[in-house]
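Chain nomenclature is as follows: A, B, C and D, assigned in order of appearance, with residue numbering initiated at 1 for each chain independently.
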Amino acid sequence: MGGNTFGQLFRVSTWGESHGAAIGAVVDGCPPCLPLSEADIQPDLDRRRPGQSRLVSQRKESDTVRILSGVFEGKTLGTPISLLIPNEDMRPGDYREMQEKYRPSHADYTYEAKYGVRDWRGGGRTSARETAGRVAAGAIARKLLAERHGVEIVAWVGKVGRIVAECDVEKVTRAEVDRTPIRCPDLVVAERMIAAVEAARKEGNSLGGAVVCAVRGCPPGWGEPVFDRLEADLARAAMSLPASKGFEIGSGFAGTDLTGLEHNDEFYMDGDRVRTRTNRSGGVQGGISNGETIYFRVAFKPTATILRSQQTVSAGREETTIEGRGRHDPCVLPRAVPMVEAMAALVLADHALRQDAVKPR
Amino acid sequence: MGGNTFGQLFRVSTWGESHGAAIGAVVDGCPPCLPLSEADIQPDLDRRRPGQSRLVSQRKESDTVRILSGVFEGKTLGTPISLLIPNEDMRPGDYREMQEKYRPSHADYTYEAKYGVRDWRGGGRTSARETAGRVAAGAIARKLLAERHGVEIVAWVGKVGRIVAECDVEKVTRAEVDRTPIRCPDLVVAERMIAAVEAARKEGNSLGGAVVCAVRGCPPGWGEPVFDRLEADLARAAMSLPASKGFEIGSGFAGTDLTGLEHNDEFYMDGDRVRTRTNRSGGVQGGISNGETIYFRVAFKPTATILRSQQTVSAGREETTIEGRGRHDPCVLPRAVPMVEAMAALVLADHALRQDAVKPR
Amino acid sequence: MGGNTFGQLFRVSTWGESHGAAIGAVVDGCPPCLPLSEADIQPDLDRRRPGQSRLVSQRKESDTVRILSGVFEGKTLGTPISLLIPNEDMRPGDYREMQEKYRPSHADYTYEAKYGVRDWRGGGRTSARETAGRVAAGAIARKLLAERHGVEIVAWVGKVGRIVAECDVEKVTRAEVDRTPIRCPDLVVAERMIAAVEAARKEGNSLGGAVVCAVRGCPPGWGEPVFDRLEADLARAAMSLPASKGFEIGSGFAGTDLTGLEHNDEFYMDGDRVRTRTNRSGGVQGGISNGETIYFRVAFKPTATILRSQQTVSAGREETTIEGRGRHDPCVLPRAVPMVEAMAALVLADHALRQDAVKPR
Amino acid sequence: MGGNTFGQLFRVSTWGESHGAAIGAVVDGCPPCLPLSEADIQPDLDRRRPGQSRLVSQRKESDTVRILSGVFEGKTLGTPISLLIPNEDMRPGDYREMQEKYRPSHADYTYEAKYGVRDWRGGGRTSARETAGRVAAGAIARKLLAERHGVEIVAWVGKVGRIVAECDVEKVTRAEVDRTPIRCPDLVVAERMIAAVEAARKEGNSLGGAVVCAVRGCPPGWGEPVFDRLEADLARAAMSLPASKGFEIGSGFAGTDLTGLEHNDEFYMDGDRVRTRTNRSGGVQGGISNGETIYFRVAFKPTATILRSQQTVSAGREETTIEGRGRHDPCVLPRAVPMVEAMAALVLADHALRQDAVKPR
């Protein structure tokens, strides 16, 4: 409840406003005795933070995380892990206009409608800055998954504007993803994407796109029918990210063009392992992992903040115009990659623990 | 937990296997003093049940619901509402082969991997029969939304195979949807869809497609940032339905082709009401409803059960073949319409109550 | 939420009104592959049902339970187990007066204040009849605890009115408890208790008392700091039973007379097992089981229904009198024994599963 | 889950170890637009912190709280409120012996049994220091209850060792409670209690006792049958406090001496208000508040830390002795008063919001 907590057994709660004193997260339910330090978390935050390249916001935040609890002598205690990330580069003055006017396709109006009050400084809680807490928590989940279950999660940019990359979900590595600031492992396509973002930035405009995420090494049996299916939880996780507008798993929307005969994944034996010859299911059948690679795609709309004049209304209910100013992301996609990975990790870590509680003995 | 409960304040738990004694649902958290009887629920079940037309499964189930608790003298008590639907047309003999072999793209294998046991009679808990409980509960949610909040929910079939209908999300009525057994309000397109399903049925094959759902009259302020955003909960709800593979809201995946300037929804005043000129956001901004029509689309894969021979493996880990038999849906889309409506109703009823608990005073 | 669900991983939801069509429970989260049939549940229900002896209500209910889902070929499936108990001996006519008048120390007034409506037939949902669902669910939990963990739960009547029995929490057996209808294993004291209850019954009066419960064989490590301590969950479980007014664990209230030096439980080695020489802690330290016997005591007030004239007010807000009529329990204690056992079993089964999810590997 | 979160709509999660960098709490679900600053919280923390008098631990902690999020321009935003309290007077060296030996009646052994690891510095998470986060969160709940509902919560020490005070639950004020460091409003009894604690302290021994808590002004209708009864949630809240061993509401254990005729609370009209002439129910009937004063009593065992030699075992499973050292509370009761008030406030604030979501319209 409250909406700021994710997960049932591996639970993450985030807190913080964009221009408050700090943001953070509390991870409750991480098993004990997992080696953990800030060094496990910081690299993921570094991939998410602004200022990494010209393609993203120039806000200067080191996003330095500090573990305040739950870890002792380098190992998790089984108690809540409190993560703190101070806000550094706060310029509330940049946002005065937002105090009076609702930015189009932002959440200024809806927050005010809901709560009767809002922190207008940089969007307050609605800012994507909130996702730093998720990424920090996701790094812990990723470590748990890697160490205890051999599960690997890799995401990349599969689409920017109308430019699409086709990559092999079985093979893309994080190193390949990080070769370019746009985080598309196809270098040729990446160059075109970068050029498109640069062009949009110069026009004060913005682009959207899609992130593809692969989860490899997941054993069969994770996921809880009927409501907490793995794909349902992944969809919720992805659609809880700012600017996301769509989710599809396996064959997704394109799969609706096929017949059942074309679409079904036939089983075969691979040694002593039950496998499917195709993977249109996306690694999940009936809400439960089947041991094949789980892959899904998330659509992100073009960033709502643009440096152009737009029509809007004021808090006083007058029609007016507003012009974007200050720091913004001309394309959120490169920074969305670690966010999607983090959310996938949170879902999978949660279901790993849930499976431990019900598995047959 | 357990995965069989949906919602936080308006909570629905379903139970039951396809060929057990009965299936059902318990609704906990429905406010008191709502007029309610079986007559409010049965029509939605009638739209979901098999045997309505040649387009869907010929299993004979009256799906007659009985309210066992929570209602007294025609009004809800505020206590749990227990809903019971007996199973009638059980033919476990039809499913003997499933005891030994995993049906491709079904959940036989994954259930066994997870639980070490499964009810192989018609898929047991994995059968779409489970959704009858959801539809019954959703009918209660729909009544609550209509009577207390003036919210209306209408869904329809927007795509079957490669055949697509374009309908106005502001205008489609349930009466229009129910004019044809395929539940597409565009009569011309509906005829083509019906023909395609007939053809697939005759071949023992199946088709997929997409359902579009519109929620009209939702006030601003529903939805809980940051994880329980309205679109995240709708996505989870939709992706928890059997055979669903994708979800998109508002502009969805197509919106990623646009620039921010093209995509943003500018605000204007409509009398004393804040409105947006376009609605690419799909009625939700920052996870909270903005008062515009909420609309989303759900992809359903072609039915996995086909009357054709396919390769598979047995529970004994031998490669073999299996041939679909018995009753099946050549296209799940018409029956998915009331399921999508029900899930949308559950999400919105839950958020209506949640908003009551936090709204400013 | 809604208040009708108990537990986090082993979850029980009850539903039903005293004079509705039926009552029941849904158990979600029971692990798969546990042998289970109605025969495992009925004996516990038989110990709870009315009409067993002159000491309790004469309502005639066979309380025959039926498992509607979640069990297949004699084993649990890991899916929800739906339990149905029809109501048989309904005499709403006995309760007409309750429609207009609030019974003292019952929940008629508070339900109406909360919900604006109430089922006045025998107290509706407020009736102790609701606990039949808990007892049925508790029987499943007890079986799980016994078979998988070797945990045994035995409760008995330790006090009726001012008559107190002192029994050894390490040794009392269920067979000893059931030797007399009052369910006190001390036969001499039991006779006095029975006489006291008979006397109260003849006067149309009622008595209260206390139930003692012992949990033996619980391994160290169950219980979740800081809020979900084992004693906190046991207290909540006990205090959720109708008519309960107090809970104490280990030394309880009497322990506050001692000094720390007198109260502390010193550790020693018993073979390779860490044990305590005394057990004033009641088997729990810091919210976690320590391997010693867990024991606690629950106070139940004298039954509120008495066959005597009392002052009250009417639903129309007039002062008036009401006279108890019909069937009632002159002393709830004997029937409270299986209820307390059931609630203890639900708490422990839940924590057994929770421990599986977090234990160090 | 995880056990570190309390409440359903007004949710509090605490984190932190006794000798880590800091401790804290996150409050999620606090309604927006409530005036709030650190000044509303600090006084409650000051009543809980060590070093207030010779009766309690001499650890030097200012317990200065900082609000890091959720409040903007002096009002709550409806977003999570993050509360941070740095640890200052850490002396892990004092606790080296605890690294190797289990302190009797502490949680050293059980934590290690559960998690396979523990923070031995001052008990880590098992330390009562954790309750500072609860008290801070409780101060917010108290403000919400006072401002929006006129509910007042006052607790006091009713028993120390064998010394008992009888105070009027309708009348005791916080000012009266705070007149003496022992926090018993009966000045004569308070002097005797203080002398007893002084004597115990000089002997290196400790005393237990009981706290009484009154909730005045609660409207009828709060509390959720059947499992989340007000008394069940209060019991869980109280029994989740360190060192608590018992809970009773209204007539409690003593009420089991009475007959139904003696115990029942008859109704009468007080103007247009339904009231009871006696209040043995303790303000709650059927789990729901009836508008009378809610009062309950919590037993706390004598502090386990004593400066005396005791037998125990080591982590290496050798029998040995341990002698308490360093700072400790000879009697936890005075500091338990704000803890009990805080937990009561958390329960009531939660049920206030829950009632908003279900109340009849």
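Following the convention adopted for this analysis, a residue touches a chain if its C-beta (ideal position, glycine included) is under 8 Å from a C-beta of that chain, and two chains touch if they have at least 3 such contacts.
Not measured: the values here are computed from a predicted model.
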For subunit B and subunit C, the touch-path distance in steps comes out at 1
More Cb-Cb contact pairs, comparing C-D against B-D, go to C-D
For the pair subunit A and subunit B, the C-alpha centroid-to-centroid distance in angstrom is 26
Chain centres from averaged Cα atoms put subunit A and subunit D apart, in whole Å, by 39
Dist(centroid_CA(subunit C), centroid_CA(subunit D)) in Å evaluates to 26
Rounded to the nearest Å, the gap separating the Cα centres of subunit B and subunit D is 46
For subunit A, residue numbers touching 2 or more other chains are 1-5, 8-9, 14, 29, 32-33, 78-79, 114-117, 125, 225, 354, 358-360
Per the touch rule above, subunit D residues touching subunit A in the complex are 1-5, 8-9, 11, 13-17, 20-24, 26, 28-29, 32-33, 66, 68-70, 72, 75-82, 84, 114-119, 124-125
In their shared complex, subunit A is touched by residues of subunit C numbered 1, 9, 29, 31-33, 78-79, 148, 225, 353-354, 356-361
In their shared complex, subunit D is touched by residues of subunit C numbered 1-6, 8, 14, 102, 104-107, 109-111, 113-117, 125-126, 130, 159, 161-162, 200, 205-210, 220-229, 231-240, 242, 244-253, 255-269, 272, 274, 276-277, 280-282, 284-291, 299-306, 308, 310-313, 317-319, 354-355, 358-360
